[in-house]
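What follows is a pair of complexes built around chain A, which joins chain B in one and chain C in the other.
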Partner chain A sequence: MTSRRPATWHVATVVDSRNETPTARRIELDVPTWPGNDAGSHVDVRLTAPDGYQATRSYSIGSAGEGTRIVLAVDEVPEGEVSPFLVHELRAGDQLELHGPLGAFFVWTPPPPAPGETPRPVQLIAGGSGVVPLYAMAAAHAESGDATQFRLLYSVRTPEDVFFRDELTALTVAEPALRLDIVYTRRAPPDWPTPPARVTRDRLQAAALPAASRPRVYVCGPTPFVEAVAGWLIDAGHRPGDVRTERFGGS
Partner chain B sequence: MSFITRGFSSRRGERDPRLPPGQSLVTDWPVLSAGPTPEVDPADWEFVVRTENGAHSWNWDELHALGVEDIITDIHCVTHWTKLEMPWRGVPLDKIWESVETEHDYVMAHSYGGYTTNVPVEHLLDGKSWIAFEADGAPLDPEHGGPARLLVPHLYFWKSAKWIRGLVTMPSDEAGFWEQNGYHLRGDPWLEERYW
Partner chain C sequence: MTTLDGNVLAGRLADTFGWDATAADARCATCGAHGPIAIAVVYATRMGVVARCGNCDGVLATFVEAADGRAWFGMPGISALEITRWTPESESPA
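On to the complex of A and B.
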């Protein structure tokens, strides 16, 4: 269990909105009543139309900590109802409603100091926009100065589709450093050592912390990706209770 | 305190009255699970009800022999999606409760893989819940809870525990897995009992 933060309704004002990838937008929100959030938690976004019609969707938060600014990174779901609006219409100064912070399970908080105990390493595994809560965890880890070993395996279609590219790169040289392994599934950069291909059992084994080191594993991505990865992790000897998952989309 | 967000308009026309507040229609079937999908072979599957008076268990065939019903129901996920008129098949809890003696008013549902969720007994009986094996005309996929899941469609769907293994009765209400991790103790979608 992590510290419980009260989840309530908040009014958020858009401070900044900019392209994150060709299909996604990074939205920074000012939420004066925000109680802070743990890394990995999410929020419900509610939009209200002039005729009273409302639509609500859940989004992972790409930021963590005690501040009153939060960052969302929203990938457009074609034919969607809310994400196309957030990606194409929403601009600085607009207001919307948020309910949160939500979720006390798919979160990472710095472990309390336990004398004589070796902290367990953390393996993050992202598919596409599933990197958003995992980036928040990696950033919170760097911010905390906690010495836990952190690795991120990130499956993404092309170099342009990488979320938080500059921030992730900066974390790889931060202290403590994040170990970042990117797997390009459709097109890799010109000088990339391996041709584009999906994450497989072997690539997972090569790039993820071994079960013997008892890492805490967080997996987030589309349902088929998470199903496959979580199954391989169990086959490789990770305990089911050590693997936390968050899925989006149908099967 | 709702207010209008500039530029947002309804694109879906009339709101379907079968949608609880804050829900949107889906036609696919999203998957939400806190961890890996456990593999459970129906040949090894067992369903156990444990009360203050002892335990009663059923294997796959024994449970089916209690009588399988066809169900058409709407399901509502706390993550804001609703699926309408979904066909299911399963054994009503009422049939199971014919062999159960308890004074307790609550149960904790336990799943293969360790998931738990709490439900009041009155929300399980009188045709309100089933142990379900089929959905959309096919055996339940593992990621949707196969081989068998609890089906309590009038509550948010995290109460319909996937990979159901048994029920343990309780004299008072206690929080299950999601109920300890941010979700409401009861979970009525028409009252929007989503979160703490």
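On to the complex of A and C.
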């Protein structure tokens, strides 16, 4: 279901780096040797210290398609080995070693046309910076004009912590449109109809496509978030093979 | 130690085998459960990573990485791994 793009090591040059949220940076990279990437794939970024010590971490790509520019959105893990450097030190013009595109499992590509068949809807579920690969999927979906119904349930701490805020908002009025449901867990906008609270089994049921519509579901977020959500989805009747997950930890 | 999943193995698998096996089906030698490598439970430390079966917690595979660039790959708990053979004509897997 994915196009075959060889994963190799590349040298990327930072084109732009700016604040995405109070704790995250959006980093745009120029990678002359990039073969393009499917929506949802990731790169391994390798840093080498002066003494030769190397640290490698995986970051989802917030962009998809052909071309040699890719976008990362990196949330700082304060005690991490790699993300504090990417968030605080990296500047336009700097170079990075990266390996990719990676990930044959957690990717979305437009389904091949099947005349007479209604494509299965897609439900995206994000926790925090786990929205990055899901945003890439929603953008690729809009770009392709694919008629599949797309929804995104996005759990985020506060309004300021929303990644790709303007881009996501624009997708909700694009054609075909993305339906966006945001759950604020710590502080909601003043006029928000529901008080801040974590995603629960009931909130998931209220804001996600039901198992009866047989959606393909992609869940990305911190490990405990993904474990909880995936468990509720299976309990609600979604088939394990229809729920694709990607977990991340501190790095 | 960080708890991740098999998606994070994509780069190591591509480096080791030349292909990204995260979507490939693997069978646990301990309990017989199977599923894509991507859903394995992966524990990461500075030493490397251990991939365990999400069903029985048996060790599926290990990567130990040394600072000098050497690495040791073990696959003690995978009794079968799905491989898609590519031909020059194939544009995409089935």
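As a convention for this text, the second predicted complex is superposed on the first by the 248 of 251 C-alpha atoms of A that agree within 3 Å, B and C clash if a C-alpha of one lies under 4 Å from a C-alpha of the other, contacts with A are read in each partner's own complex, and residues count from 1 in each chain.
In the analysis below, contacts are C-beta pairs under 8 Å (C-beta built on N, C-alpha and C of every residue); 3 or more make two chains touch, one makes a residue touch a chain.
Given the structure is predicted, the values throughout are model-derived calculations rather than measurements.
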Partners on chain A (chain B, chain C) - clash or fit: clash
Which of chain B and chain C A:233 touches, first, second, both or neither: first
Which of chain B and chain C A:85 touches, first, second, both or neither: first
Touched partner set for A:58, first chain B, second chain C, both or neither: both
Which of chain B and chain C A:94 touches, first, second, both or neither: first
Which of chain B and chain C A:247 touches, first, second, both or neither: both
First (chain B), second (chain C), both or neither touched by A:223: both
Dominant toucher of chain A (residue count), chain B or chain C: B
Which superposed partner A:103 touches (first chain B, second chain C, both, neither): both
First (chain B), second (chain C), both or neither touched by A:47: first
Listed stretches 55-63, 73-81 or 91-99 of chain B, narrowed to the one that overlaps chain C: 73-81
Chain B and chain C footprints on chain A, overlapping residues: 1, 4, 7, 44, 53-54, 56, 58, 99, 102-106, 223, 240, 244-245, 247-251
Parts of chain B lying in touch with chain A, wherever the complex brings them together: 1-12, 15, 22, 24, 26, 28-38, 79-80, 113-114, 141, 143-144, 177-178, 180-182, 195-196
Residue ranges of chain A in contact with chain C within the complex: 1-4, 7, 42, 44, 52-54, 56, 58, 99-100, 102-106, 223, 226, 240, 244-251
Footprint of chain A on chain C - complex, ascending: 2-8, 10-11, 14-15, 20-24, 35-39, 44, 67, 86, 90-93
Interfacial residue positions of chain A with respect to chain B in the complex: 1, 4, 6-7, 9, 11, 44, 46-51, 53-58, 81, 85, 89-90, 94-97, 99, 102-106, 223, 227, 230-231, 233-234, 240-241, 243-245, 247-251
